[in-house]
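One chain, chain A, links the two complexes that follow: it is found with chain B in the first and with chain C in the second.
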Partner chain A sequence: MKSVKGSSWKLTEAQLREWLRGLLEENHVVAPVEEDGVVLFRRIASADDAIVEASGKTRWSPKEFLFPRTEALYRYTFAGGAVQIEDPPVPEKHQVLFAVRSCDASGLVRLDEIFLSGTKDLLYAARRENTSVVTAACAAADPECFCTAVGYSPVGEEGSDVQLVPLDGVWLLRALTDKGQALVGDGGEGWKKATAADGKTLPAIEKKVAGQIDRGPVNQEWSQVLEDGFEHGAWDRLAQHCLGCSVCAYVCPSCSCFDMNHQGNAWCGEQCRSWDACTFPLFTHHASGHNPRATKQQRYRQRVLHKFAFREEGDQPFRCVGCGRCVAQCPAGLDIVNTVAAAVEAMREEGVDAAG
Partner chain B sequence: MPLADAVPNPYHPSLMRIQDYTDETADVRTLKLQFVDDAEAGEFTGWEPGQFGQFTVFGAGESVFALANAPWRPNGDRDLAPTIECTFRMVGKVTSALRAMSKGQVIGFRGPYGNHFPVDDWKGRHLVFIGGGIGMAALRSAMLDVINRKSEFGDIVILNGARSVADMVYSDEMPSWEQVDGVEVVRTVDPGGETEDWDGQVGLLPNVFEGLGLDPENRIVIACGPPIMLHYLFLSLGKVGYSPEQVVTTLENKMKCGIGHCGRCYVGPFSVCRDGPVVTWAELNQLPEDY
Partner chain C sequence: MTEAIVTVKHGQAGSAPEGWRPHIVALVCNWCSYAGADMAGTTRLEYPANVRMLRFPCTGRMSPLMILRAFEQGADGVLVSGCHPGDCHYVQGNLVARRRFTIFRSLMDFIGIDLKRLHFAWVSAAEGHKWAKVVGEVTAAVQEAGPLPAFEHPEGWDGLDLPAMAGSGPQELEQKQLDAICGNLRKAASEVLSTGRASVVVGYGQGTLAGQTRPVFITDADACDTLVWGQGCRNNLSTYVASELEGRERVAVVAKTCDLGAISGLIREGQIRRDQVLVIGVQCPGVIDGSALATKCLSCSGDPHPICDLVVTVDGVQESCEDPSRAALDTPDARDEQIAYLESLPHGERWKYWQRQFARCLRCYACRAACPMCYCSSCIAEKHRPQWVPTSIDNPGNSTWNIIRAVHLAGRCSGCDECARVCPADIRLDLINRKLALEVEKQYGKVGLDPEEKSALVDFRMEDSEEFIL
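Presenting the complex of A and B:
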């Protein structure tokens, strides 16, 4: 979504909470909350529950509020020998995803590219249309963060309807789209208009955060090297420690693979979809027994290349948005940026066809 | 109009009744299906050879099969209700459940999906269809289409290969294909798969194909079979002088959604269900060997 010039304000913490209280009257609001010591996106009942801070991220991305972990695609019943099929209801109440990090908002746009291109997915399209995204820019990087290394930004506007930027003790609020402007309206009581100088702080924030990110950058030209080096032996070595658990795909804000299965009995049932991952061996297993990706090396390579190499247009952004969750949560300590860098280095030094 | 109202649920299947079936082998069956709902039959826009569908056994799940009868084209010369045929082998949960169904029972269908064979580009050319086992099912729609429109094409050779005589599909209908002038059917079974009264050839498909000695000039090869067969067939085709642009195949990766979303049929950046399944050998050479 292209950024448009909307209104721009400066809010105190109290004013931000008051605005959130207002949003809760008309909308379902999903925001970071603490649950059993873990910060997660949840639908909130009170504006005070939301955790809105200048840095830090949730354990899981907010993608499940557009693309649920499991959902019914239709229901069927057998009635007197006849089959009846019923589409699931589409959501009617507007949903606001609140205090989403820029990386996660970009992740949602990467999902749009899958679910809204070609044949559109009804359930995803209905939720997406009925959702507004309020991002909270980051004033500091977490240890696992690497957005600026893969072409994204801690203050990025992609996928953001309203952007909140932490300034000294206040929040800069920028309505970036018509949807965002609708959430902001004419502003709240006592809101101060932001000045041009406030807007100019964004590049400084980006620079500061980029300085805290010590990995990368992953260059655009590497895509071709990775694609040409598909058969390179380096993948055997790089994937050696992968356990195949697929936590990387589950926590990823842009991973969109899913499985479809019937759940039912002799009377009724559902066609269900649930999250799946290209890092599982059964993902590509043919009924005949043939499996094009029978080894974990082939599967790990697929996941990495789908983020950084296989793109339909050369100038598309990487499908990895740099949130770093896969790095923080990998039980084997694998780091996708280091993997890509090591693969490209090996391919350049040894030739793309080398056995490694 | 809100987007959600404008978007139909792509996963909602049409109900189809099993009108009839043919048992091709001990574990391969061809179903003949018709829409339960007349309105859906009326709205059905048909398909082109090479496209596929998702077939549902309610309670068991979905399976992908090629649409295997001659293409139904709404503006064609037929005024009959659309009939869809699919040939499947019983190998897993869904296909076992499907095999257990009887005439008159209802299954689900959604599709057609994918691209198709460029049949109209083949006008005036000689054609060779090479099918290994159940791979014949993916070629049958194109084969029947060109046989029905034989005058538009050159000579047609159909090479039907199976592991054994008992595994050969479409045995009952091959004689009717041969009755058309300029259509030759060659049957072959793998060495060891022949019976005493077998009058076809014995040998692996690539070798039998080479033995036919067909001139590559002005000829298109359309092949489908297991990955190992295609590997050796391409070696043979290269050896006897076919260019990669003359050879068309259809990729059969594991699929679930059929619309390029679920992610499992990717070969590099190529989504088999959305960008394929039909590819030329030349296009296949551009993709990583990940199928």
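Presenting the complex of A and C:
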């Protein structure tokens, strides 16, 4: 989304909460909250529930508020010998995703590329249209973060309608789009206008965070190497300890696989779309019994390649936004960046079709 | 599944609207209870009409999933009925079922289903009067319990503070001692490979993040110096034994004391043979989960166990030849107080506690993938004719999944806590597993580490307790 020149303010913590309180009157607000020790996005009832901090992230991305874990595409009832089809409910209130990290906001844009390019997914499109995103830039990297290694930034503006940037004790608030400007309006009581100098702190923050991310960059030209090395033996070795669950896909901000299923009884039912993952064997299992991705290594390769290869144009961003959740939460300690680096190294040294 | 599908709206327990009558599903065996109900009919006995009957060949054929399904589809109560012990048409179906229902019932109680909703009865073909009486009693009990509480995230609920868990954990080891253990482990692994005692060693290698390790598969004796040891060695590596056995005669596996139950279980259940696995037990400093010592470690000494083939400690490597049948793990557990606390709460609070946790479940099935005892090549969650476990990622489906996962592991779970460790949503699966282990132990005795013992739920005794059966 193109950044338009909008207003820019400096807010204290109290003013930020006051603004959030105002947003809650008109909108459904989704923000990070803590529940049983887990920080996750939920629709909040009170501005005090939201966790808005200079660093740290939720356990999984906020993608479920655009692409729900499960949603009914239509419902039906049998009544009096006739079938009645009912469309799913249309969202009533505008939705604001609040304190989303830059990586997650980019993840939502990657989802847009799947659901809105070509034939639009109407349910997703309606929800997207009805949603504004307020990002919170990061002042520090978590141990698993690697956004700068894959071409993203802790202060990135992609997908962001309003951006909050943590400065010393205050928040820099930048309206980046018309949607964002609508949320900010003419500012709140006592808000200070930001100066040009405040805006210039962003590159410094980016540099500082990048310095904390101790990872070699994933190069654009690796995509081709990975695709050429599709049959390379390294994949078998690199994913030998993969357990075949889908933690990586479900906590990922940009994974978009889904399954269609039908649930009902003798009286009524619904056609549902639920999250699915390419790491599950059933995902590609044919009715004939054949499975084109029969091993966990083939399935893991699919996930890695869908993030870092299979790009229509060379300058498209990677579909991995570098949040690092899959690295932190993989039960078997698989690391997607190390996997890519090791695969490319093996392919270059041994030739792309070596048995490994 | 959303409320559009269920025929009955779930409500708040105890807040039955005026004139409300419960929906009750009865699962009955074909040979006794169905005929008993028939007898009640032909005898012209009157009893409440709230019960919808489903006929099965035998109580042994009734999976707890069927009971869960009834609740999830809107039943307020469930009655399970079959032949008296000794009368089973298939000799022992009801005896195995009795154990299964005993355990399942305790779990339903634990997660907040009021037991006024779940009943079991022995009704023979001649007992028409008993059938009418049972249906009357069950209907009255469910009427009292009210509508089934909703399967949903409890909005605006503050949550519970469970008692803190205490325990000293294993003996603290200095870095120097850990290095010594690691050196001995590498030596042991290298010797195992060079002498051909096993053709692969499954161990821990360096991970990416601080304190993280990853499973490694070493086939070359010279590569054993990549093995690491410390508080980051969390995985239960026995999960990998069966797949590593493909094309190999013997696999060596590095094991902590908490991993041994799974190895024993896999042997007990015929997944691997004792001679196919070489267990390298290593003195354990306890593992870190999050930022603190893992719960399972609080009451563990960390000492390697006699069931191991090789024992690695600070002092060196020894062959272990003690008799494994004498081996039994101590079971005091830091969690027991939390379980007792939960059980002291009303069902409504327990229901909210677990529904809030189940609401977070993403259905990534990491719990299943990491579990050494979840070895089925095709899981019940993937059976879709019919779809027993709804694929919808919402509270009804998530509850069914989390409950049935635990039920399928009852009496088999080795308590390694891998499921709880890997859960991205921090669902306290360890509490559920522990609760079931306690119940199994209370009812049928403890299953130790001896692979020759039989799992409690595939066994039965004529004299098994059946206090709860009408």
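Things to note:
We take it that the second predicted complex is superposed on the first by the 352 of 356 C-alpha atoms of A that agree within 3 Å, B and C clash if a C-alpha of one lies under 4 Å from a C-alpha of the other, contacts with A are read in each partner's own complex, and residues count from 1 in each chain.
Just so it is clear, contacts are C-beta pairs under 8 Å (C-beta built on N, C-alpha and C of every residue); 3 or more make two chains touch, one makes a residue touch a chain.
All of these numbers come straight from a predicted model, not from anything done at the bench.
Of the two partner chains, chain B is the only one that A:Val90 touches; chain C does not reach it.
Of the two partner chains placed by superposition, only chain C is touched by A:Ser246; chain B is not.
In the superposition on chain A, contact of A:His290 is made with chain B only, not with chain C. By the touch criterion defined above, A:Gly269 reaches both chain B and chain C. By the touch criterion defined above, A:Glu129 reaches chain B but does not reach chain C. Of the two partner chains placed around the shared chain by superposition, chain B and chain C are both touched by A:Asp259. By the document's definition of touching, of the two partners only chain B reaches A:Gln302; chain C does not.
When the two structures are aligned on the shared chain, A:Asp353 is found in touch with neither chain B nor chain C.
Of the residues of chain A, those at positions 259, 261, 264-265, 269 touch chain B in one of the two structures and chain C in the other. Residue ranges on chain A touching chain C, taken from their complex, read 35-38, 40, 45, 59-60, 69-70, 72, 75, 77, 86, 143-144, 240-241, 243-247, 249-251, 259, 261, 263-265, 267-270, 272, 274-275, 277, 280, 282, 327-329, 331-335, 338. Only residues 1-2, 4-5, 7, 73, 155-156, 159, 207-210, 212-217, 235, 239-240, 356-357, 360, 362-366, 368-370, 382, 384, 387, 390-394, 397, 418, 421-422, 424-426 of chain C touch chain A when the two sit together in their complex.
Residues 73-74, 76, 78, 82-83, 85, 87, 90, 114-115, 117-123, 125-126, 128-130, 227, 230-231, 256-262, 264-266, 269, 271, 273, 276, 278, 283-288, 290, 292-293, 298, 302, 305-306, 310-312 of chain A are the ones that touch chain B when the two sit in their complex. Chain B meets chain A in the complex at residues 2-4, 7-13, 15, 56-63, 91-92, 95, 106, 108, 226-227, 252-254, 256-257, 259-264, 266-269, 274, 288-291.
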